[in-house]
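Structures follow.
What follows is chain A paired twice: with chain B in the first complex and chain C in the second.
Take a look at the complex of A and B:
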């Protein structure tokens, strides 16, 4: 198709995401904090959309957190990445879909750097052969898992049981989206909508009936900062950045936040708890926080999945006010039960932040 | 270990640092030509919080003055960046101050200068925790080493989760420590050996040992056992870092 005028400009920000046949690379952080999100991503892709996605047990961390915490040399990070590519190649796939923004940045940076410095690619190939006796093809396409959910957002909407709409008023719910720095700040042309108009999450929100909120600090970092969070002494940096975002979004009264990176939802959720306990301030209504979701969780909710199967019980900010606004059914008494309904007791309640 | 690291006292080092930086691909990609516009500083989350100015750092290395570069490598300054790369999007000259920082940190570690600053010394607890997670479990972050005492901000809900890890992960559909694919599966020994071999051939093992060696020396100098030093560098925060202006 030949685009002209504004259409042409906009087409530069679009990604031509392949339709099928993906090799999946998991995320250390998403697996640790939101494992159900990865499960539901695969379930949606395979069962609802009928896609072929390979989930290979032999892959490992991509090393991205170590790389950006400066604990491994660039060559080590790249050789780990090369091994992931080799596993994908051996399984017969060309398209890599990754579950983490740090990984997405890491894989993309590796390929872009090799393009500029082919001698480095040659050295990494040698490293990989020496260490693992493996060879690889560079993926034809690298997507973040949210790119696929974005691509198929309308199919998800067609199958949805709920919409992001207030059941009392019929008004769209107000949603803040946070795409995560390494999605499109490093290589803007790799993200849907680029760094200027990232629409990977806002597209989902609108398709599922919600309204996206624009606010001054929309693109500000969540404050992870790698070493700034991973070392206890530095965490003031993280909470200050999150605080800045919440102060900026507060006047718009968001009903929820949707996130792209697996780290951001953890930070945006937990720092609300810390801010509440330290200062007494809460950002939701009636002493609650603003619930923060991964895109898989939000997709699962509109598709009618049980919130506790989606893992929403391990959020610190209570999700119930949001579920109630939409009218999503759930059993409060089953929130903290095990898989076979065994009693796992209950978490203590925070002193200030209202929870269930 | 780099030869020049041993020769700092005799100042032979002073013509070499810029050349060393140029060997780092991140430096070559991250610094083309800086026009000192300050856009990076304006967008930088670290510059707002810390006494930190990426523009000045890029300008300093651009001047190729090795004594100034050496001062940077020994300073607190280079450890304030959060590597968010917000600067990379906005620089009108396609520089990436965050990448320049990565190269500076890399060199500071190679030369052992990192132990001369409070924030630099944190490389030890970071390396110890993350590289161990990678080599023991195959994950950068792993629930068994994520201790609630070190992460009170993870909240009472995560304390509860960690106390019921097996059951809670099962409820969320994870394959925690299980065989085959899935979230938090146990990564097979043959895959773990490959990771170890990758560390060996690509400088990861050498880097871990170097950090340990320099940190051990520093711990001795500070009169601490390695465990005391690890805890101290992980927890201690003096008030010299913040941008209170």
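Take a look at the complex of A and C:
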């Protein structure tokens, strides 16, 4: 690998991301899978970086899951997207920052389609007006939330209380970065680094002290694939893709995985339990799995946030070995206490994958 | 093992570091011409048996290079020699097939 060469290519794919005044489009599933991630993104933007970011309670799903599962036609998905744009226009914003990778792909695909077929845009405007009497302006700029964190990664690093470094050896921790397929595989020029060398997550990891692992199946899908997962008979295909990734990354002994998609961290995390039950194999050290984090969770950890306030107790794979490696302080007794100190109850522990 | 209603499928990944290439090395010594194959597929396109039996000389060479068992495919060859006539690299594929069969027999 000629590192200099890659850095040169990356510089050709940088995005000119606006500094401030963003309208935030939340994900429909992240808040239940990784409950603190979006909240923590807003906290970083508002409190740490001092940015103006609008969080609107009226917006809905973007329709991406239904669209990619072939259960709604594209026109319906576009009308839902148009309603989100209308909400943004009503709030007086021009820059859209999207929490979900599939929503990011969906919004980008919609705008690109309208650019190619203006008559379709006119029809969607008519549909939206008939449905809810709303009008919209197309956003001037669409970014994924990880683009923003990438842009301000060095500011986060300056305020970091911990670095992604092994406290015993002083060596950088080995991190696998996994980027959602809909980030830059659909429209390469819309992602930082394009489809071949997306550096949105690797940039964060390197800024925060970690070392990125380059392994053979690095750009392989996590296995979610919407329709493959939703139809139970096809789930074997889904888990097989995840298995392929883990087999490929295993020889490099990663300490953690960082992702920027709602589905990827969920499946990379939960499938480790299924793979362990089916094959008896775990991929971490001493019977543990490899912990999987969203980029907001990892940012929260380096900024010194309490791991349990970041919702790390709802992960399938135990995060404690990773926290111990960095030296992050946490109270094991508070793992299953909610924000209001209410007992969340203990989950049933798996037989093979060590989780406590 | 817990039953989830779905299972892992075998991976299609080819790991050349773990593949057993001893057969390929033996045949390579017997038939050095095989190394000049560019996998154009002319042999497979003209194969009389190919359309009905799945015999494909291109797949046979590829299988050997990947360390997989190709003896089933070879048993369908009728040794008509059309593949030898069309090979743009002039590989004596008929002879190659016989050499592979002999190596399999010795094995």
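Going forward, the second predicted complex is superposed on the first by the 344 of 356 C-alpha atoms of A that agree within 3 Å, B and C clash if a C-alpha of one lies under 4 Å from a C-alpha of the other, contacts with A are read in each partner's own complex, and residues count from 1 in each chain.
Definition applied: a residue touches a chain if its C-beta (ideal position, glycine included) is under 8 Å from a C-beta of that chain, and two chains touch if they have at least 3 such contacts.
Keep in mind that what you see is a predicted model, and the values were worked out from it rather than measured.
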Item to complete: Once the two structures are overlaid on chain A, check if chain B and chain C clash or fit side by side.
Response: fit
Item to complete: Name the contact category of A:309: first (chain B only), second (chain C only), both, or neither.
Response: first
Worksheet entry | First (chain B), second (chain C), both or neither touched by A:35 | first
Worksheet item: Who does A:347 touch here: chain B (first), chain C (second), both, or neither?
Response: first
Practice prompt. Considering only touches as defined above, state whether A:178 meets chain B (first), chain C (second), both or neither.
Written response: neither
Worksheet item: If you stack the two complexes on chain A, which partner ends up touching A:131: first (chain B), second (chain C), both, or neither?
Response: first
Practice prompt. Return, as a multiple of 10 degrees, the angle whose vertex is the Cα centre of chain A and whose sides reach the Cα centres of chain B and chain C.
Written response: 60
Worksheet item: Now for A:232: first (chain B), second (chain C), both, or neither, which partner does it touch?
Response: both
Discussion item. Looking at A:337, would you say it contacts chain B, chain C, both, or neither? Reply first, second, both or neither.
Written reply: first
Practice prompt. Pick one for A:240: touches chain B only (first), chain C only (second), both, or neither.
Written response: both
Worksheet item: More residues of chain A are touched by which partner: chain B or chain C?
Response: B
Worksheet entry | Which of chain B and chain C A:224 touches, first, second, both or neither | first
Practice prompt. Could you grab the smallest C-alpha gap between chain B and chain C in the overlay, to the nearest Å?
Written response: 6
Worksheet item: Can you pull the chain A residues that chain B and chain C both touch?
Response: 232-237, 239-240, 244, 274
Fill in: chain A to chain C touching residues, read off their complex
217, 232-237, 239-240, 243-244, 247-248, 274-275, 277-279, 351
Worksheet item: For chain B, which residues count as touching chain A in their complex?
Response: 24-26, 28-29, 45-46, 48-50, 79, 81-86, 88-89, 96, 102, 105-106, 109, 119, 122-123, 125-127, 129-131, 133-134, 138-143, 146, 150, 153-161, 164, 167-174, 176, 179-185, 187-188, 191-192, 194-195, 197-204, 207-208, 211, 233-237, 242
Worksheet item: In the complex formed with chain B, which residues of chain A make contact?
Response: 26, 28-32, 35-36, 38-39, 55-61, 63-66, 68-76, 78-80, 83, 105, 113, 116-117, 120, 124, 127-128, 130-132, 181-182, 184-186, 188, 195, 219-221, 223-228, 230-237, 239-241, 244, 270-271, 273-274, 308-309, 311, 313-316, 336-339, 342, 344-350, 355
Worksheet, complete the sentence: chain A partner, complex, touching residues on chain C are 1-2, 4-9, 11, 13
